[in-house]
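Before anything else, here's the structure in question.
In order of appearance the chains are A, B and C, and numbering begins at 1 in each one.
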């Protein structure tokens, strides 16, 4: 895809900014802002420390995620392994009386066989991804018609009970957005402790990838909610009103 | 450009005070915001940590504003490298033209919008309608006021002034729904209508809570899911950002994600945070094919130019200052006459619109400082209000707005206070003049212009017959005389 | 005066004084305010301590004089120097004299209003409370939102009387709900405002300046030498 062209008004605009600030010339070097100046080497060191910390404190971090998530109105399920996880997902679907279930096409489903566990309950999940039998234009309709969506995550952040969902090939945005019930499968190894952990790692990925990172990712930190009418809380507006976290131990 | 009704502040605020529904809305519901904020700060951080966070955030924002050209340039380069388009709009009309051009080029019929205060400045909805398109607000509060044809009553909770009965009536009128006073049902009605719009929309317009310069990333902070819908479902996504919304680095986001939701609604974090840096990748399953980011000036350059007012550009639009302002909590958002209300509204509106038309706004404050205490980026709002007051007295032609009556009164005060003789002379005159109107040391009705407002509801203390000075002197004389 | 003398302070009232200038400053009339401020500095400069029985005036002198003279380094220095030696009354008694019990006595339930400038500009909130609580016979009953603005705001009260009145309404409600018969504050503006409305409504709540409270019954107690 060709790089979009620069807005003809840009230079004049920036010039006006400089005039307003009382500065004649543009700034040519990276300003003295620590997070901005840290080199890839430095960042790698930082991320190594984070990863070591997370590994060493895994039990506490996962426990904190579980607590924070419960406070934030997630339903939290702990699975001892992939088989139990698959069974939990099927139970959730049964409890939600879900008929139309969609899931993403991710590696985690190779280990956690929810297709099988759901079929045992009489539900056949559809994969929300373009393929031989599916066109992109159908995906939106499928997503909006689904009762329950299941995807994996890139990370889960304990501090805020935030699950990071990164759309890409096989992972449609709509899968975690359109259905009223959402189930996220999380390996305990994917759990980070703080927002800083996540952004440090993401920044490193950005630096290592020559200044490119996914153009879109989302934090999901609880059910969709609003208090716009009389400051009274209502759960479940445009996004899923029921959100489940299935934490899978190693 | 949104209509400016700042001239009507006095009458609009008096009207709001007499409106029982508005007063009810400004009372208890706001405790959710203020107490929620206090509770979560105490639970998660404690005062000392929170102070340190505020200091850090203020420093980052101040650093960014001082180098705004650099960071705008960096953000622009990054977004374009990611495949997105970046536009620079000088004012509301310019921004509207850009949006309409994008919409026309893409044969857009339905436009879904998530919350954007800048888009309110632009009055984009009216403009899109005049082009034969259908703009639909998807944030529930914004949707309600769109139906009511009103402007936002609050930066975060645009429809907080509406009772559920009023909402039900609006839905009945415009969507033909069954009346109900069940809030959950009302939300369900809106959800069903808007869900259809999500599915059919050709273009989504969002705001931008932050723009990360380093990676060219627009950050959205939402609760309902409409932010995600607006940026995922349609073919085209346009993000509109005030030019000051930048943060230098990706790692800065963590701090601001901690400060914003707690300051705004007392939440640890909102249900969704969306990070958009460009259009979908070719291999993505869904997502917009075209991404546009529009940086808007619309008067912000004037704030930037003034070394004192520049601080106002640090604002992250959390609404905490509104929630804690004794004036806002009595008059509500509409009285301020433009898009932004409360202390931040009083500060930026005169500069971004017209100082003379908005001359009441900087004076509509007791300077109590509660806003400054809660601002997550430590904007010294009282100082900015004082600065604007000074400008309205001694500023340039476009700013000066003090009335002759007030100048006269001030000159009198000035003369009376210059020396002790002047003061004592004025006091003697005052004691003489007050005789007909004071009883038992109090005045029930002040006659003068300007000051007569006091005695509408309060007694005014008369000057003492034997002021302290006199007693002091008598005391001294007595001691000297033995 | 009575209280300070009782505490052994050699206190005088320089008769040439006029005003701190805050009304002009807050109204945007900086040039006029600077004139008045210059006069204040001239009058009080030679004093060891300046005691101010009003939080807003004290904050004007200590916090805003340096800002007022930002373009005049010489005046700014003089302003800062006098600011150091200026204290609001309770600040002076507690932090300079080191006294929290002045020896006063007063029977009754008292509630205290935190004046905005005193609280937020000068950080004074514990000092008046210690002094009040040590008055024999007093029971301090906090009102809800004691730190809520009373709605005076100087010029604001006459420029926007309806808003001022509405804000004051909340404050009066909180005072009434506290059950206290006596309201105490250390700011003349706030007191004038609240007293005006209490009187108009015929309320039995008695508004007192903290100096008036602290002066109660000290004639009968032993004078305290520093």
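Brief remarks follow.
By definition in this document, contacts are C-beta pairs under 8 Å (C-beta built on N, C-alpha and C of every residue); 3 or more make two chains touch, one makes a residue touch a chain.
From a predicted model like this one, the values you see are computed outputs, not experimental measurements.
Using the contact threshold fixed earlier, the set of chains in contact with both chain B and chain C is empty. Of all chains present, the one whose mean CA position sits nearest the global mean of protein CA atoms is B. Note on chain placement: the centre of chain A and the centre of chain B lie 31 Å apart, centres being C-alpha means. If you average the Cα atoms of chain A and of chain C, the two centres end up 55 Å apart. Multi-chain contact residues of chain C (touching two or more other chains) are absent. For chain A in complex with chain B, the touching residues are 1, 3-4, 6-7, 9-10, 13-14, 16-21, 23, 26-27, 31, 33, 35-36, 68, 72, 128-130, 136, 139-141, 144, 160-162, 167-174, 177, 194-196, 198-200, 202-203, 206, 211-232, 234, 236-240. Within the complex formed with chain B, the chain C residues making contact are 13, 15-19, 21, 23-32, 35-36, 39, 116-117, 120-121, 147-149, 151-168, 170, 192-193, 195-197, 199-200. On the chain B side of its complex with chain C, the touching residues are 10, 13-14, 17, 326-327, 330-331, 360, 363-370, 372-373, 386, 388-394, 402, 406, 410-411, 413-414, 416-420, 422-423, 442, 444, 450-454, 456-461, 468-469, 472-473. The touching residues of chain B, when paired with chain A in their complex, are 25, 29-30, 32, 60, 63, 66-70, 72-73, 76, 78, 80-90, 138-141, 144, 157-160, 162-164, 167, 183-184, 186-187, 190-191, 194-195, 198-199, 214-215, 223-226, 228-229, 231-233, 243, 248-254, 257-258, 265, 268-287, 291, 295, 297, 301, 304-305.
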